[in-house]
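Shown next, in C-alpha cells, is the structure this report addresses.
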Amino acid sequence: MTTRIGRDELARRIAADIPDGSYVNLGIGAPTLVAEYLPADQEIILHTENGLLGMGPAPAAGSVDPDLINAGKQAVTALPGAAYFHHADSFAMMRGGHLDVCVLGAFQVSETGDLANWSTGAPGAIPAVGGAMDLAIGAKAVYVMTDLLTKEGTSKLVTACDYPLTGVRCVSRVYTDHAVFDITDDGFAVRETFGDTTVDELERLTGLHLVDATREG
Amino acid sequence: MTTRIGRDELARRIAADIPDGSYVNLGIGAPTLVAEYLPADQEIILHTENGLLGMGPAPAAGSVDPDLINAGKQAVTALPGAAYFHHADSFAMMRGGHLDVCVLGAFQVSETGDLANWSTGAPGAIPAVGGAMDLAIGAKAVYVMTDLLTKEGTSKLVTACDYPLTGVRCVSRVYTDHAVFDITDDGFAVRETFGDTTVDELERLTGLHLVDATREG
Amino acid sequence: MIDKTVATVADAVAGIPDGATVMIGGFGRAGQPVELIDALIAGGAGDLTIVSNNAGNGDTGLAALLAARRVRRIICSFPRQHDSWVFDGLYRAGEIELELVPQGNLAERIRAAGAGIGAFFSPTGVGTELAAGKEERVIEGRRYVLEYPIRADVALVSALRADRWGNLVYRETARNFGPVMASAATTTIVQVDEVVPLGALDPETVVTPGLYVDRVVAVGSRPWLDGGEFVGGVDVEGRPLETPEAAR
Amino acid sequence: MIDKTVATVADAVAGIPDGATVMIGGFGRAGQPVELIDALIAGGAGDLTIVSNNAGNGDTGLAALLAARRVRRIICSFPRQHDSWVFDGLYRAGEIELELVPQGNLAERIRAAGAGIGAFFSPTGVGTELAAGKEERVIEGRRYVLEYPIRADVALVSALRADRWGNLVYRETARNFGPVMASAATTTIVQVDEVVPLGALDPETVVTPGLYVDRVVAVGSRPWLDGGEFVGGVDVEGRPLETPEAAR
C-alpha cells in the first residue's frame, strides 16, 4: 500500500476543517504541523497547555526566548491579543470544555472513540503522560491525526484498543493518510476518502465494518 | 452588671494579640474596629474577602472609589504592596488556611468552639450568610469579639448553641467585655479577666463551669 | 477575524430567553453590570434564575430587575443588606425563591462549572443547616460536604477594558465574581468602560482570556473615572457628591 | 515590618530536612528554579519526594538533584523527555519511585491543596490505568474519578520579580506551576531575578500574593534578559548562541 496523502497534505486537510475564530490546541508531534496551514486571513487562536492563548509561530534565531515555549518545549512567540495564565487555569480551560478543537496523534482509536496515544505498554518503557489525558477529554471536538496503518501494516483503527487508554469515548474524528473517519453510534463512518481509495479497500485494510458516509453532507 | 471594658478598648486588646506580619481578616461590624488599633510600627496585612490583600483605611471624602470596597461594602484604600484577585482565589486563600487570624462577631459560642453568628433562626427573618461560614473555618486562629451577655443578660457562651451554626469546632478564643476565653479540650478556659472580674463571677454570669487559666502563661 | 464587540447593550443581551439562568457579576454595586441589566430588563426576558452574590441594592441594577418581576429564583450568599428592600419585599411576599450559598462555596461552585470539575469536597458549611442533606465525608480527619458546580446559560459581567478578542482586565475589587462567572456560562456577555485595540492589553495582565467571552459592549467610563484614571467626586454608591453650591 | 527577602540561596533553602516533600516549579526548563535547586543540592538534604511536572533535563537543575541521589520518589506527569537521561537511568535501575499523574490533575490537585479542597471529581484519566483503583462516580451522565490534594513541605519557585512582602510576577510561560505550588507548601521559597521596592508591583497584576510566600532571594537576570527586557541571544535551553567568532 502506498500512503495516499503526505503528512503536510493531511495537516492542510485538517486545517481546512477548523472554522475561523476557533480556539485550538495542537498536540505534540505531527499535529503541530496543522498550524502552518491555518489560513492567513483567519484568526484561529492556538492554546498551549503550559499557559498561553494566542500562541504564534517559532521566533527567528537569535530571538529565541526560553521563557516562551509550547507544550513540546519548543520556542514560540505570542501574538497581539495573547494571554498568559498558570497551569491550573490552563487545564481548567481544557477540562471545562472551552476549546473548540484539539488535534492529537494516536497509536490506536477504537470504534467507540476510545483513544490510546500515551503508552505502548511495552515492558521496561518509561511512562510519561503529560497533558495527553486532559487533552483527550478537554475539547468540544477531538480530532486524531495519524497514519491509518502502523509501520507493520496493522490498522490503527480498531474494535477495541490493545494499548493503554488515554481517554474513553473521546475522539470525534480521525484524519488518516487514506481517509477521514467520524466516530458514530454505528462505529467508524468514512466521511471522505483520498485519491482512489474506496470504502471496500478501507474495510480490507482495517478489518472493520465501516459505514459509508462519503455521500453525506 | 456594668460592662467591664468598652468596644474600643476590646478592639485594642485584640489588636495587641496579633503578631507583626500576620495576615488578618476582620469581620463585618465590631471586628472592623480592630484595624484602628493595630500598631503603626508593625505591618499586619488585612485581607478582605471581596478580593484584596493589603487593605488600607477609609479614603478621604472626595476620594471615595466605588470599585474599592471591603466586605462590608464600605470604601477603603489599598496600601503599597497590595494585590487584587477574584472571588474564587480569595476564598481559596481563606479555605486553604493561609490567613493567620480572623476576628468575627458572634451570637453564641459553644464550649467546643462552635460558632453561631449568621442567623437568629427567627421565623420570617431573611437569611444571609455571606462569607461567614468560610471565615469561620478559614483561618489558623479564629477570634470572636463579642459582649459576654446579650442585651437580655443571657450568656453568649453556652454549652451548645441554640442558634443556627456558622461553623463547628472552629473558634480558638473569645474576647468579651469581661474576659478573654480560650476554647480548650476542657471547655472554656478563662485566660484573662478585665477590671475586678473574677472567674467565680464569670461562672455565675455564664452558668458554665470554667477553667481558670489566668495564672498560666 | 474575531470581533466580539457589539454596538449596543441591546445587541449584547439579545436572545436571552424566558427561563434562562443568568449569572450577574458584582459584589454589591462594585462590578455590577448595571447597563447590561438595564438592557436585560428592556429586553423583556422573565422567569429567570439569577446567580449573584447579592440580591440587589436600592432601586437600580439587579434590584430593578427584581422589581420588574423577572426573577423566579435567586442563588446568592447575601441577599439581606441595608438597601435590599426590593428583594426583602418579594421574599416576604413569597414571590421569589432563594437558594442561600456560603460565599466561598458560591465562588468555588461557579469555578468548578467553568473548570470541568464534577463536584468537590468543601469544608465550608459543614455541620450547618446550609449543608443539610448534602453528602458528607471525613478526609484525613476533617469533615467536608460535597458541592456541585453552578453553571448558567448567560453571564453578565462588568470589566474595565476589553479587546476585540474578548480579553478582559478589571479594576480593583470590582473584579470579584467576573472571572469565574465568565468561565461558567454558555454565553458570556461583558460590558466594559472601553474597548482597546488588540495588543493593547499586556498578555501578562489579562485576567479573563478572551476564550471565555462571547460579546463585549463598551458603555463608557464610570462616573469616578476619566479615561481609566480615578478622579473621585462620588460616594461609595457612585453618586456625585453634592457640591457646596448644590447643597445650598 | 515584613521582609521576606534573604541574602543568599543557601539562606533561602536552609532547614529543608531529609525526607521532605518538595515541589519544584517549571515546565521543562522554563520557570525551573535552578539556583534554588543547586542550593538544595549543596545543602545536602536527601530522601526527598519531588513534585514537579518533569523529571529533569540534561545534567543541571532537577536532573542534577536526581543525579546526586537525593530523590527517593517523584510525582510528575512527564518524566521521559529527549534529555531526561538522568531520570531514565535511575528509573531503569529501580532507584527512583515514580507516581505518574496527568498534567491537569497534577495542577488541580496542587491547587486543591492550596485551596482547602478535600478532594474533587475529575473527568481526566477516567477509564485509564492511571485511574485504576480510584473512586469513580457518574455525575450528570459523565464519568469522573476522585482526586486528592497534593501538598508539600516546601515549594521552590522561580518568578521574575518580587517585593519584600513576597508578591510575585512571573514571565510568559515560565509562570506555569509557580502560582499553584506557592499555595500548596508549608514553606514557599522563591528565587526572582530582581526584588523591587514595595509598591513597585501594580496590585492589579500581582499573580502570587505575598501571603503564599515565605522567603525570597534575588539571583539576577536570566541570560536572555537585561533588567527584565528581552535581549535574546540564547537557544531554547538558555545557552548562549555561538557567535561567528566562537564558532570558528
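Letters are used for the chains, namely A, B, C and D, taken in the order the chains are written, and counting of residues starts over at 1 for each.
Just so we're on the same page, contacts are C-beta pairs under 8 Å (C-beta built on N, C-alpha and C of every residue); 3 or more make two chains touch, one makes a residue touch a chain.
All values reported here derive from a predicted model rather than from experimental measurement.
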{"item": "For subunit A and subunit D, chains touching each", "value": "C"}
{"item": "Chain at maximum distance from subunit B, centres defined as averaged CA atoms", "value": "A"}
{"item": "Pair of chains joined by more contacts [C-beta pairs], B-C or A-C", "value": "B-C"}
{"item": "Interchain centroid distance [CA atoms averaged], subunit C/subunit D, Å", "value": "34"}
{"item": "Subunit B-subunit C separation of Cα centroids, rounded to whole Å", "value": "28"}
{"item": "Distance between chain centroids, defined by C-alpha means - subunit A, subunit B (Å)", "value": "54"}
{"item": "Multi-partner residues of subunit D (at least 2 other chains)", "value": "108, 111, 115-117, 122-123, 170-172, 204"}
{"item": "Touching two or more other chains - residue numbers and ranges from subunit A", "value": "52, 78, 84-85, 92, 94-95, 138"}
{"item": "Contact graph of the chains (line, ring, star, complete, other)", "value": "other"}
{"item": "Interchain contacts (touch definition) - all pairs", "value": "A-C, A-D, B-C, B-D, C-D"}
{"item": "Residues of subunit B that touch subunit D when the two form their complex", "value": "20-21, 23, 41-43, 45, 47, 52-54, 78, 80-85, 92-99, 138"}
{"item": "Complex interface listing, subunit C residues touching subunit B", "value": "27-31, 53, 77-81, 87-88, 91-92, 98, 100-108, 110-111, 122-130, 143, 170-180, 207, 222, 224, 230, 232-238, 241"}
{"item": "Of subunit B, residues touching subunit C in the complex", "value": "48-52, 61-69, 73-75, 78, 84-88, 90-92, 94-95, 114, 124, 126-134, 137-138, 164-168"}
{"item": "Touching residues (chain side subunit C, partner subunit D) in the complex", "value": "108, 112, 115-123, 137, 139-140, 142, 144, 148, 169-172, 202, 204-205"}
{"item": "Subunit D - residues contacting subunit B, complex", "value": "1-2, 111, 113-117, 163-165, 167, 183, 198-199, 201, 203-204, 206, 209-212"}
